[in-house]
Structure formats: C-alpha cells, structure tokens
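Some structures to go through are shown next.
Look for chain A in each of the two complexes below; its partner is chain B in the first and chain C in the second.
And now, the complex of A and B:
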C-alpha cells in the first residue's frame, strides 16, 4: 500500500485563519482543498508538508453567487462537478464549464475544487514519478536535484502548466480574490497568477489563499475550450485552447485565445487573432476557405514549445495545438447568436 | 525528523453502521476501510487516483477512497461494496454484472458497481453514452467494457 508520510491536519475556522496558519508554519505547511493533486504527489514524495491546512470544511468557500454587475463569484472550494452541472454558469461561460467538465474523471471532479485547479502543480515526466523512479533516474531541480533532466541547459524548470480551467478563466477575463493574514485581500486577473517557471509557477505570496474566482458579466461573449489528450478521460491536457469571441453585427469585434499545457504558464496569445477582427465568420471561413483560421492558429501556436516531457511526441503536440486553436474558434463561433437577417 | 503525529477520532457511518475510530490523520479512507475495518471489498489499484478500483460512495456520490483523508469524511455516510446487497439479495447492478458477464478477474468490479449504482440513483434510465461518461474513471483491464455497459443497461431496465 502506498502511504502518506506522517503529517498533521489543521482545521482553520475561516479563510483568514488559514492564511495565518500558512504564515505561521511557513514552508512546513500546505493548503489542501480536495487533495486530488496533493495527495498523490505526497504519496510519491514530490511534496512533503508536515502540516496540512484543510479548506474542505469551510462553508464560506462553497458558494456560487451572482454579482451585482451580472457576473458570478465562485468560491474556491466549489467542486469541478458542481461547476460542470451549473446551468446558468454553463449558459454564460461555456469555455469555463467545459474545461471543468473535462478535468480528470467523474469521481475526481466530485472532490477536486476550482481553487485547487487554478493552483494545480506543473507537470513533467521526470517529476510525476515515484520516489524510487526519480532516485534511480537522478533527481531534478523541481524536487531534490539541481539540473533539469529534459532540458539540461535550462536554468529553470520547464514543467508544464496543466490546469484546464485557467486558460478558460483568462479568456473570459476572470480574476481571483486572494486572502492573506490579518484580513488582507487583493484581486488579480487570473493571468497575473502565473509565472513562466515550472518550479515557482504561482505569482502569489505563500501565505495567500485563493478565496474565489470572479467571472465578469458574460455580455455578448461566446466561448469554447478544446482539450488534446491521449484518452478522452482521466488524462491531463497535452494542449488546451480557450477561445472567447465577440461580434458586433455580423463582424468579429474582439477575440481572445489562451493556451495551456504548452509551457510553464498559460499563454494569452490573443494578439494572434488580429486578422479575425472586422471579419465575418461565414461558414466558408470556418471551413478553412481562405486560410484565415490556419493563419491565426499558426500565429497563436508560435509560443508553444513542447519538450519531450509529457505524453505523446512533442512535434505532434505542437501540430495539435494549431488544430485545437482552429477547432476552438469554430466551436466558439458556433455559439455566437446568429446575426439578424441571416438564417 | 518529522514530529510524531497523534491519532484522531474519526466518526462516520459505513454501510449504515455508525463507527468511531482512532486513526492517523494522514491515513486514507482506503487504508481505514481495508485495514481498520477489514472491509477488503474496496480494492487498491494505483492508489494515485488514476484507476477507480477504490471507488466508494460518500453521501451517495462516487469518490476515490485512496485520496480521501479522514477529515474529508468526518460525519459522512460511506457505502462500500459490502453494503450494497440486502442480506442474501443482490442489488440489481450486482445481479446484472453477474448475468451479463460484466466482469472477469473482478478487481475493478466493486468500484464499477458502486459508480453504476450512483448513476442509476441519480438518473434511472441513462443512455449508453451517459453510462460511459459515469464510468469514465473506472478502468477495467479484462472485459473490454462491453459487458459492463450491457450490465448497467440491464440493471436500469430491471429497476432496483
């Protein structure tokens, strides 16, 4: 039986107290929400907290509320299954809800939370292995070692950002509320939560707790999320693309494209969508007629520099990133309200 | 050296019976069920959340016991495969798995049966696609899944 190393489990009375406990215990402590990322990693010795600070019992993290501006505030402790089954969220933010519904498997989504999903550890084939495997191969700089096994010349860890909901949240203009000790609160765009570093991948201080995710009013945005992986279940993304599209009359007015699993952080590559702005997404364009989608997809996928540290071949993963961008645009366009006067 | 960690009281209901146990706060529900309560019907496969062999129902909802800490199931109602039959009368899902050959080695079966039971409780007449979806986290190395899907369809038709 694979067992967890001895650790104690604390039950803070509030989010604020959780932040205070984090600050008091420093590096010895970690937050645990659903534990679906942390528990397997602790079993493999990838993380070794002596103190777990539990969030699961905090009712204040479990609410989905509509905001006065017509958006939603989702508590960090809301499960992926709850988001997947939420009709109003699904109608307003298809990319986000789709991304949540594509995470792992049903039983994991019943426990895994949206806060944990945004903070999910980066991944790498040299790291997501048992302690014995890593010891035999030689440890790497993300844990216990000092070089990168996949890119030995790299000064930083190149582990892969693997959250499915992060790119969708970014494309939809979402932000996170971070709670620190002594009632400190700040709100940052989800895009601002990440660093392009596989080891130190979160841009927040160690004693901050993600309290909630704020989705702005959906307005006339339509969105989609496309995930590439070996099996249609359980697997983490090998590439993930979130697209949000807005139209004014028949013409595209704005378009955001955000990629995940192609580097150590999610990448907002919306600039690549420039050729779409002011264009009409006719059935021909969406079918690839004048190469418009291919052009946008090639530009969007430029940041993707997959390495040989995930499932399937990295050249194929790069090619599939382009295909996923095209597909995500087509899916988002399919959700746009049909302009008046057209069938 | 890690400081020693004291055992804590865990109260929960397992298959309708109230239990009070002294457990390590870092023992998973899988360890508690198999080693403390000797309920070995819940299987251990990967122990990392990847296979579904350890699926149990917590408040009627499928969850992976290999990843659950005691604090997460405090006060919960846990159903394991041992709690499904009513005395000598099998649950409709168990019966259908037997009749349809929804198993070979049987290792995935407790988890499959419980995940299927939870599906039918929430959705008594699912489509084949919905069954596939609900069982998408339960791997089977033997059957090729067709017998399992047939069994769940049969169980849905026969009711409880």
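And now, the complex of A and C:
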C-alpha cells in the first residue's frame, strides 16, 4: 500500500496555541482535524508537511451553539455527520445541512469536519494522482511543476473548488471566525475566504485557524443545495448549486445563487437571479413556463468554465450546471411557506 | 470417466442444492482468514517494483548503484537477472519479468528492490536511474493498424502493430445474404474496463537452498508454477506455488506476473522470505482486463426475422503484451452461435498492440463485448422488421442437443425457459410505455470450462484425491477458491457422496506441492470439472466404505444406505476403520477430462468448445432523464439455467455479483487513457457502482440437469453478467428514443445522442465506422451435416 511519510504530530491545548504553532513552524506545518483530505494526499506526495498540528481533540471546536441573534455558531471541529443529523440546523438551514450530508460517504463524514470541508483542497485529475503518475506526466504548477496541464496557457492553476458546504454557507450569508496567535480573531464572510486560484485558493494568513462558522438567523430564508456527481455517494461535486430564497407576500423578495465545482472558487452569482425578484413563483413558472428559470440558470452558469480535469465531459458539466440551478430554485421554492390567502 | 446418472431426484439429495452457508463464510466475515498480504514470515524482506513512466521508450541505461548503497536495501535486480521470456499462451511468450530493452506502457516493470521495509524499497526504486529514449506511442486501434515510424511494439507480429488475425467462415455466408429479405449493419464500441478486486495482488516467496515456495493471490497456481520454473530455470519439482485465500480475481489474477517472479528471484538470491503487495494504482497497471473492442456486424434475415447469415468483425485493443490475446480474439467470435441458430456465419477478428496496460481475461472473457453488439443489433433488426424483439430472438433460439454451425456441441439448454421466466416475473410484455422509462431484454450463454487447456497437454483438466483416516476426510484438489465458492462446491459434493456435511470435509486446495493438477479458476470450469473429479473420488470412497460394511454385516452393498454420518447402521468413523482394515490406506482418486468431439477440427476451433453451456436472460427496468442523460436502474430480473445448484445460496450470490459487475461496465466503468497515462488509477476516480447505485436483483434459477455436469450442475460465475449490458442499452433506447452504441453508457454520451436527435441527426451516439483491417483469406469450414447437427 502507499505509505504515510514520516512527520511529527503536535497536540496543542487550545486553538490559540494551534495558531502559535502554525506561526512558529511556518510552511513546514499543516493543520489536521479529520484528515480525510490530508492523509491520502500525504501518501501521494501532494502535501508534504513535516509537522502536523492536530485539532481533532479540541473540545472548544466541537460545539454547536445558538447565538443571541437567533443564528448558530458551529465549531470547525464538528463533524459533517453531526451537522447532517442536527435537527434544528436542518430546519433552519436546509441547504447547509443537505450539503454536509452529501459530502463523500458515511465513514468519511464521521471524521471529516465542517472546517475541513470549507478548506478542502481544490481538485484536478492532473493533480490528484500519485507521485509517480505526476512525475510521468511532468508535474503541474500546483505541486512540483510549473505549468497548468489542463490549460497550458493559463497563468494560474485551474484546479476546481470542491467544497459542498461552502456555496451553501455563502448563500445563507454565513461568516467564518479565524483565530490567530495571541488571541487575535477576525470574522469574514465565507465568500471572502476564497481566491480564484487553484493553487492559492484560501484568503487567510498562514497562521490562522478556522475556528467556527457563524450562520445568521434564518429569518424567512428558505434554501436548497443540488449536487451533480456520477454516483449517489463518495464522489466530489462535478457542479454544486446552493440557492436561498426569500419572499415578501407572494413575490420573491431576494434570491441568492452560489455555485461550486465550476471554477477555482465558489461563485456568488446572485445577480443572475434579478429576473426573479418581484415575481411570483407559481407552479407554472417552476415548471419552466415563460423560460424564466432557464433564463436565470443560463445567466448564473455563465461563470462556469469547466475544463477536462474532472469526471465526465466538460460540456456536459456546463449543461448540468444550468440544470442544477433550475433544480435548486425549484427545491428552495418548494420549501417556502405557502403565502396566506392562496390555495 | 464415468459419472453416475445426473438425474438423481432432488429429494434424494441431502446436501447438494441446499442453501447452506459457504464453508469459509464464518472465517471470512470474522477476519480469521489470512490472505496473501497477511503472510508474515521471520526475516521477511519487502519488495517494490520500479515501473516505467513512459508509454513507449527504449531503455538506454539502468544505474542501480545509488539504490544498492542505501542502508536497508538487500538486493536489487533488473531484466539482466531474469532474461527468460514467458507468457500465459505458448504462441505469444512476449513478457519479461523486468524489461531491459524497452518499455511498452506506463507501469511496465523495470527493476525490483528487496529491502527491510516497504518505505526503503520505495526510496531505493526512486534512486534507480533509468535512461530512456522515448518512442512514438501507439494509443488507438486505428493508429496500431498504420505502419509506425518507430519500430513495432513487438517484433514477432504484424503487419504494423497487429498482434493476431483470424478469419473463419462456416457455411455459405454470401448465399445467405443474397437470399435475405432484409440485411442490416451496425458498428459498436465497448471501452475497456478492469476487474477491480477488493484484494490487491500480493505474493510472498520463501527459498530454502535452490527450492522456492510462493504464496500468491493467484487464480491458477498451475500456470504460475510453469512460468516460474521456466523463468527461474528450475525443475518443476523445485518450485511450489500455493494459492493463498483469495480476495477476488474476476480474471485479473490468471496470468503469471512480474511481482511473483521477482519475489522468487529475490528470495533465492537473499535466502530470506520476500513479499510484494501491489498498491491499488499498480493493480490498474497489472490489469489484463476487458479489451476495448470495436465491432461491426451484418446480418441477413428472412421476412419472418429468421437469421440466414451473419458476418461479425472485431478489432481488439490488446495493450502492450500478448497475455490471453489470441484466445480473447477468437472469443469475440465464438459464442454468437450458442444462443442463435445461425446457418451461415463469418467471423473476422484482429487484436492490435498499443502502449497501454495489457488486456486479458475478465469475467466473460471476450464475450461481453460481442454479446452487447449482437443483442443491440438484433433489437434494431427487430425494429426494422416490425417484429417484437423477444419474438425475433425466440424464432432463432438454438435447440438443446444440437451442434452449431461452428461445430460447438450444445447439450442442456434452458434458453426458452429462462426467457419465459424473466418475462413473466418482470411483466415485460405488459409494460405501459411512458417517456423516460424503459425496459430492456437480452439473453446470453457461457461455457462451463474451456474444452482445451491453455497449453497442449493430455493430462486431465482436474484431479482430486480423497483420503479417509483418523484425521477425518481430506479432499485434495488443485482448484482455487477465489471467492466464487469452489471450496464449498467440492466439500458439498464429497459430503453428498459420503453421507456427511460439507463442514466435515477438510480441504487442501491450490497447492502445486500437495495437490494433484487442476488448471485453475478461469473459464467457469471448477464446478463442472473439479466437481466431477471430486464426485468420482468420493463415489469410489463410498464404494469402499459400503463394501466393507456389507461384508461385515453380510448383506448386499445396495442394502447399505449412506446418509447422516452413517454407512448402513454404522457410524462413518467405524465404517472407515472397517474399510481400512480390509483395503489398507484409504485413498481414492477422481479426474475429469472434457469429452472428445465437442468442437470442430479447424484452426481456431480450440476456442468455444465446452462440455456444457449455461444460459441467461435479463430484463432491466430503468428511468432515464431526458435532459441530463442520467440513468437510474430500478430493478434487474436475471434468469439463469444453472443445470442444478450445488449450493443455491452461492449460486444466487454469483448471479447478484455478475449483475453488479455488468451494471458497472454498462453504466460507468472505463480503463481510459489520456496521452498514454491512465485517467483514473484509483478507486475514487475509476467509477464502479456504490451501494446506493445498486438496484434490486430478482434471481430466477432454472434447473435443466445437464447430463454431464456433477448432479447436472453448470456454471454461474460468468454467464449472468452478459445479458445485463445489452438489456440496459435497450432500456435506455426505450426510455429516450436514442441508441448509445458505445459502452459505458455515461450521461454525457446520452445527452450527445439527444442533442443529435434535436438537431435532426441520427439519434445515436457511437462509432461511425469500422477500420480497414488486413484480414487473411477466410478459412472455410463446412458446417456439420444434418445428422451430426442433431445429437
């Protein structure tokens, strides 16, 4: 079997200490919680940390608490399985809980964490390979090489953002709390955590630890997440769409649409939802009448530029992005309370 | 060999046909079984292979000095240490355990290291410097047909990179087409795929002096034994191969492999045990999986849909080495005739070399591809004629106890019955058609063991020895249980004859040092052949026991009942002591050789004949999304003519496993390449069905009691996979109105077929044409005359 290269494992007593260890060891160090992304990548030489800083044992990262504003603060160490099974979260944030429940397989959700999923490495089938395979290929800029194999003219890495929970968190207006050394903390919108670069995909300094995810009060938002993939479990998204909808009376008041797995970061394409605002989502509209959903989906999917670095044909993945947008809007609309006075 | 009449009534059987748990079930589910990689010997070294990173290159230099100098490295070998070529088939022994002249695919082994641990062995492999001079890689069938600028991949074949050609004609095909009321042609492509066993290959060798023992996860220790003796230059008696308890083969562990040879050589050199366990990625390179096959078929029928003539062409992408290739090539043309009575048949086949991992046998060996093409082709023919596709097939079904145009002897045949039963159970004929929903039907047939061995010899194909003594009953057989349940079958048969329970039989199997010959677990041969050998050995033992008891009691032998642990009224152990006192050491033998005259006498006639054929029929029910092309299979009904179930539970398990594998192949599995590199050498990226993708399977067993099978039994390991693939393609057509003439039927291909239809083009996705291939002149074989054709 592939062997795990030797490395040291440090066990900080607190998040603050973890950040200090990160600061001290610099690029030699990486954080590990569930390890579902990191461990196979270490075996294949994609990541070569000499020092691992463990987070999985920190109780302070494992709480789900209701905030005074009526929202939730979820510790980064809470597992995807715990979020998937959390009834109050499911009622308030269906898109987020659905996304967590669709990550990988039950065994991996039992150890994989929500912080880990937000930070999950970008993926590419020229990169997610063994050392020998990548060497045979001539390596790529994301690791050990200098060009992008799927788009040789590209100045940046075109690996694919593959977090399921990130688009849901963005659509729900969530933010992430980052803890640095010496008790330094800052909170940024989840959308602000990402860069459109497959290699340097996180907008966070090297000594910061994702401590928690803050979900605002659900208000009257209803949400959904649709994941496109080959099989009904295990697979990463080939496209993922989160939609959050709010209604005022019978009319759509606001609608957010966020895509994942169509580029190197999640894309907030809520502007594409403009034609829906002030409209009533009747059964006919949701069934495709007057092409309203198709128009929104086509506009939303414009940002999707799939390349031949993931499963199935890239043209199909682009087509499915549009379909997933429509499906996510229909699903979110189905969760909206039926306005009073109407059958 | 004489077999007691097969037709013993089920009521007279005590353990045969019962759904008892497999004899190794508890040990497997509790983890007590030690697989090949669980072997851990004192002082053991670990071996890793250095593999080529070029699809095609000449080796200019190999420098192992840095590797040898590393602490913990005990031995390093290259091709110079193992210069003898080998290969499973005598006509294409084109492999070296370690290449030293040129490499032919990414993954081709070049050097091997034995070190104190795997990490050191890997680091040493990386420290070996190999100088390569890259050659232009051959990546497709079309490219292989064109003369290369560089030298061909192998020097012994040709033209260009053609490995093997075949051209056979049975009966007057041109006359049949001339007479036909309707003629149709179609082109199909079946992408290659791999076995994906749960267990990676693993081998451990232990040399003592100049003798070596190998424990390996192999399906046929006998052939590995032969290859090792040849390559190591040792007498057969100095080499012992033991098939370790097995974690899945499916044909992927049927060749002798580099890692098996390397560990033996390294152990002989170092005097220490040496183990090599492949990584999952290396299993993809070791491969020997399903050939990608391009196919063209032309059929002429009369007004009623009766086949008058068929012409079938195939082109197989063989990858870098011969492996079972000549047989694989002929198998793409051999079994079309075992389901349909084709009066005139022409087959032209070709296998080419390309710079990819070598292909070989996978469950159904060479027949799933043509079966997919044939069944879908018949659906299209039926549509042309406005005849129901099931009815068209029925009009052409072979009859039991007949001989096909290519001289294959058909005995028991439950084709009509499996058809009736799956149609009835599935409600296929009364289905209400609606958009997005489809049902598909297809049939198939498979061999119960190849009629001829892989290399010419006159030994029996299976032999068994049965010993009875104070230690109980021990059955020695060369057969290898690869998870299919052959241990259970052999124990059940011996127990049935001796009036015992399967758990009473101690098995010693798959050990070339201890057990008599058995050709191995391939071609669905073990139940039929080793089963008959076990039955003969046990029946002979039974006779001794009965005679001893009859003499003791002064009664006639036929008054002595054998059942429930007793011989007559005497307990089995006592009866055994009586027999031993009379006859000396109690040891009986059984053997099985397929009968003569089950096939033809032409060149190429060695592929296809079998002492019996199983028959399967499938109905698939699915929903297909007209926008995304996504397919959800709701249910599969699989009817199988098993002859007789030796163990019904194990038979059902094999049917479900075959359906699972067939669905994986038709829906998603692909061993595909990009620029000479495998696209998906991992279990995440190589897609096979998960629990959540697997539909319900309803298994319907039909017992036709084959006259030569043990108790009437036939095979189940391979046949049930075959009809699933075309039945899915047919159901997708019914659901969406488009043909996907290329396996796997992935959603992106379905959408491209739908897009083609939307643009007014042919509603189809698939290959457009079949290449020009320099087939040799046809070998014309006269079909059997009417008297010979009716057995």
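The working rule: the second predicted complex is superposed on the first by the 343 of 343 C-alpha atoms of A that agree within 3 Å, B and C clash if a C-alpha of one lies under 4 Å from a C-alpha of the other, contacts with A are read in each partner's own complex, and residues count from 1 in each chain.
By definition in this document, contacts are C-beta pairs under 8 Å (C-beta built on N, C-alpha and C of every residue); 3 or more make two chains touch, one makes a residue touch a chain.
These numbers were taken from a predicted model, which means no experiment stands behind them.
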Contacts of A:11 with chain B and chain C, given as first, second, both or neither: first
Contacts of A:111 with chain B and chain C, given as first, second, both or neither: first
Partner chain(s) touched by A:323 [first = chain B, second = chain C, both, neither]: second
Touching partner for A:39 - first (chain B), second (chain C), both, neither: first
First, second, both or neither for A:312, with chain B first and chain C second: second
Touching partner for A:129 - first (chain B), second (chain C), both, neither: second
Chain B versus chain C as contact partner of A:54, first or second or both or neither: first
Intersection of the chain A residues that touch chain B with those that touch chain C: 1-3, 105, 232-234
Interfacial residue positions of chain C with respect to chain A in the complex: 51, 53-54, 106, 118-119, 122, 200, 277, 279-281, 627-629, 668, 674-675, 677-682, 684-685, 687, 689-693, 746-748, 751-752
Interfacial residue positions of chain A with respect to chain B in the complex: 1-9, 11, 32, 35-36, 39-40, 43-44, 50, 52, 54, 56-57, 104-108, 110-111, 232-234
Of chain A, residues touching chain C in the complex: 1-3, 105, 125, 128-130, 132-133, 135-137, 230-235, 308, 311-313, 315-316, 319-320, 323
Complex contacts: residues of chain B adjacent to chain A: 2-6, 8, 24-28, 30-31, 34-35, 44, 47-50, 52, 55, 61-64, 66-72, 74, 115, 133-134, 136-138
